[in-house]
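Each of the next two complexes has chain A plus one other chain: chain B in the first, chain C in the second.
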Partner chain A sequence: MKKSPNTTRREFLRTCVAGAAVLGASGALEFIESAEQGAAIAKPKVIIARDAMLRGSGSSVDSQRMVKLLDQSMQALFDGDRPAEPWKKLVRPGDRVGLKVNALGGRAFSSNLQLVEAVCERLQEAGIRAQDIVIWDRDTEELERAGFHIAAGGNRVQCFGTDQVGYEDDLVTYGSVGSRLSKILTRNCDILINLPVLKDHDGAGVSMALKNMYGVIHNPNKYHPNGCNPYIADVNMLPDIRARMRLTICDATTATYEGGPGYKPQYSWRPSALLAARDPVALDYVGWQMIERKRAEKGLKTLQADKRDPLYIATAADAQHRLGIDDPKRITLIELQADA
Partner chain B sequence: MPDKRGLLADPGLPEAIPEAVAGSHANSAPCDRRSFLKCAAAACAACGIDALAYPVTSILPWNGSESDSRFVTEARFYERLPNKKIKCKLCPRACIVGDRERGYCGVRENRGGTYYTLVHSRVCTAHIDPIEKKPLFHYLPGSLAFSLATAGCNVNCKFCQNWDISQVRPEQVRADYAPPQKIADLARHYSCPTIAYTYSEPVVFSEYLMDTADAGHAASVRSIVVSNGYIQQESLKAAFGKMDAVKIDLKSFSESYYRDVVCGELKPVLDCLVALKKMGKWTEIVDLVVPTLNDSDAEFRGLARWIRTNLGVDVPVHFTRFHPEYLMKNLPPTPVPTLERAKAIADAEGLHYVYIGNVPGHPAENTYCPKCRKMLVERAGLTTIQMLIHSNRCPFCKQPIPGIWRV
Partner chain C sequence: MKAELLTRGILSLGLTLLAAGCHRGQTNVAAAFPATGEIRGWSRTSDIRSFEAGDLWKYIDGEAEKYLKAGVLKASTADYKFQNSLEAVVDVYTMSKAEGAAQVFNSEPAADARLVNMGDAARLFRQSLIFRKGPHLVRIVVYEESPEAPEALLSFGHGIEQRLPR
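Moving on to the complex of A and B:
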């Protein structure tokens, strides 16, 4: 703040206090910074919340248990006592919130419907209007195949693919990447909540938070060489993505440890879990370790030995990117188990 | 959704260069008819008035309800792998593609272990261009080419002039359903002796190119391809084997440039050029000269020597001017003296037909007899002003002039 020559010390302090009050009144101080504003949180938290009874005795996820699992994850992540609290720290009425799902895996292996439904419910409880929530991915047909109900217009939660609205004409660039962005991101979202799936990936090694942003750009096929490195990190640095990204909740109800990114039942398992973090790099690191443990259990080589270790995670954490932390000593991992 | 049908320029081909035009003609003597025509053609090119390039948008009206399934055909160059994966055998990238994934080009998709091209008959741009626009200078000069493209490319040149069709997926641009027979019929209807596969990268629509070439040949219409030459040998023989002439972009003579700027490799392109020579295909080469990146004497000399040794001195080489575009807007257009230096080096290395491109009105657009040095084909921009070659020979000294000069 520039002090004018005629301002007294008292006036200057008063101005500062008033400014702080205004920020406090609007809740701005409580709001979580976007990745851009709060890059590389010093000691990020990653929550793994598991519920062995998530599917009860059936094969589909129980909606009620999913809501509880989500609440547990969010309360642990945001240190809240009540389910709505974390969401109120994340969004405010009037925000338009994009839920970037991963719908590539069909009904069996896309972002879990009950999870997405639970997030929508909590967002609305936090004051977000249904029509200000958009569930989206690249392609509408893929969303339908994954079980989402397509809705565009009206007072409902919106759900459609970028194919419906297209990509911006202008290129945006960072590092090695030059892409056009989905108009859903640029025109329908103030805030982005990332809802990826925990999966093995034959090119990138693993696919979770950071890789899911390939669904935002028009030319992901150009960025698969060299284990998607540094492309994944560069895509996540694009200002329109970085400025909007607030939270990742990774669906690990079903996951794969080999044969990805497509769904191969023989290489899948059911962690019946959610991973939640504000730091996408930390979340990806933790998810990667889960996959490595499962691979070891199944007698498979490490991803490094398989020459596809996800080097992009380290790139995302490096000094040029600072998208988050990949050092396990600096990640606060909180593992929760739901009550039976 | 971009719709540039009818508006596209060839990658790295003629653009407005008013300074160069002025430079070439500012000191000219009193204007005779030929000079006037030359100036007019160059000025048109400089102003972006491409009088001979007819957009055929009205011929291929976009039908937004066009079903994607019409364009989907099983690919010809791939191998099935375990776990429903495939290995693409079209270009040297040899993508291994999982189920429901696409290759690097973005126009080929694995569906349940079968690989499909998504761009058969899916034309996103079509024009009637002078053949000189490709550029092919020793192939039917003054003729028209029915020129078309689908979306997609197997490299990602940072200077791409047509990135909005080459660097997108097919569903991201408007396209028309134009099966091979329709293209052949249209080419005949518009008196084009040739169909040109150009603008994006025809390697990625090889199946369509092959089928269209067959349909064209059956209707006495020839085919040419404008390509980066980044293609596996087997698919090259199958696809380019159906072509009557080929223009290859040899974008540099450096592996590092290919890796960093083109996102490809040099060696397969050189192998492609050698294979084309063995196949007896009429081939011309374009080297887009980018300031500071591929404009050293050593590189020009290396390139010229390699051509002389491996392809012979009669292969036309076009050093063309770069314009800032796509991901390379930080560099200026190539100075004309740089192109003249490249030509001088290639001339000194003994190449017979070295041209300067994207500089309308430059004397190095003309063809000269390598023996008597007389001018044989005079060009201005995309227009052939006069063509003196007769019976494939110089009319003055009878020196054979290689090329395909008459229909």
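Moving on to the complex of A and C:
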């Protein structure tokens, strides 16, 4: 993989904050130094970084522009001036880092390969050994179909599905859920970086950070009734997930506003963007609003009018869960636009 | 005695209906997936994978609920390439009744679809084609937009439609 030149935030134009969100400059250290990992952050940041030229004149994402977009997102999120800084705040040499991708949508609509490569590159620059990084999802064949190169063993970045190692025998429970966890999570990851895709979801309303954790448990099919509520929030409360979750970078290079979670090109668009946040609830809220705006633009009903508003987001933010913030007045939304 | 006869009758009817349902579920949908070269420009690049109703979530996650409500029995899928460049996926969902296929078909916004004459109803988009024929719902998606995609989808769709039992 080619290294990108050092980039600074000056290369991006900071634009106005949308709606009721607040443009703030809260310190990045509040995140990494949080006493309780995974606890709701008082005023979380959500970054939306867009690059209209992400694909250049073609249809594939340009690797170098993706690295740059990732750097801009992370530097804005962690208030760093150089690309490596945020990652050094996030991980330490010796950590085993799991990149939970979403490979369900096949080659066209899974976590972007260039994004995952860029994250691997930056993690290694922060001192993580290649073999301590594992790219994973539920199923190895799905990962292959999505374009990932399967690798197990050796001094390289690992990539395989839970089907290769199985789920823990013991059931873990929280609230309404009782599930067995992927051994990749419990035995191969000290830290979890969530790399979901921005999607409409027929049951849950939307699918991003929180919903992507359904790929960690053995029985997600049990948790789709009632708009996946409160199941999604409860799954994210499972201690092994909550304790490891550090960061979400949502792939919005391509997204859907209807017909999800599968890929239906007629209901998709290309935001050519990344959403980054430490707070998965805040990220899901912001992503939900992006989908609602696109639905309105296309003349579709709101998700609420369609009887599938993502109630799980509010549940995740409630007093029982406190997984994050869903109040737009308390979310610091920073929108970035890459130079052409 | 009457009660026993009634019970036997209900059991017998139930078994008959179950057998009929199984028979429909076992319809050889695999024959609907053209082999390489059978339709000009199209080659199959994967095996045909099948998912019974109870396992459909493994393929399409939460979207499975919509199909279950519509009485899906089975889904089959395979990957294709057009002229060795455009990648595509074909999904065939087999429902217990034609009404189920219509239910899913009608639940999706027509958006800017072109209505085409195929099966019982069909919609052609720039990158995808969806049609239904009897209890079958077929979805073909190409991964990239291309000027030749709509016509390629049309000819491919007709080929699949002709191979599908009603």
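Here are a few things to note about the model shown:
In this section, the second predicted complex is superposed on the first by the 304 of 340 C-alpha atoms of A that agree within 3 Å, B and C clash if a C-alpha of one lies under 4 Å from a C-alpha of the other, contacts with A are read in each partner's own complex, and residues count from 1 in each chain.
Quick note on the criterion: contacts are C-beta pairs under 8 Å (C-beta built on N, C-alpha and C of every residue); 3 or more make two chains touch, one makes a residue touch a chain.
Everything numeric in this text was worked out from a predicted model, so none of it was measured.
Once the complexes are laid over each other on chain A, chain B and chain C cannot both fit and instead clash. Legend: residue contacts after superposition of the two complexes on their common chain; A:Asn155 is shown touching neither chain B nor chain C.
Shared-chain residue A:Ala204: touches chain C; no touch with chain B. Measured by the number of chain A residues touched, the leading partner among chain B and chain C is C.
In the superposition on chain A, A:Asp163 makes contact with chain B only, not with chain C.
Contacts of A:Ser57 after superposition: neither chain B nor chain C is touched.
In the overlay built on the shared chain, the residue A:Gly262 is in contact with chain B and with chain C.
By the touch criterion defined above, A:Thr173 lies against chain B but remains apart from chain C after alignment on the C-alpha atoms of chain A. Once the two complexes are overlaid on the shared chain, A:His224 sits against chain B and chain C alike.
Residues 104, 202, 221, 224, 259-262, 264 of chain A are contacted both by chain B in one complex and by chain C in the other.
Across the complex, chain A meets chain B through its residues 104, 163, 166-167, 169, 171, 173, 178, 202, 218-219, 221-222, 224-225, 259-262, 264. Within the complex formed with chain A, the residues of chain B that make contact are 1-2, 83-85, 96, 98-106, 156, 158, 167-169, 171-172, 263, 326-327.
Chain A meets chain C in the complex at residues 59, 104, 106-108, 139, 145, 201-204, 207, 214, 220-221, 224, 228, 258-267, 298, 300.
Remark: chain C residues 57-58, 60-66, 79, 87, 89, 108-109, 111-113, 125-128, 141-145 touch chain A in the complex.
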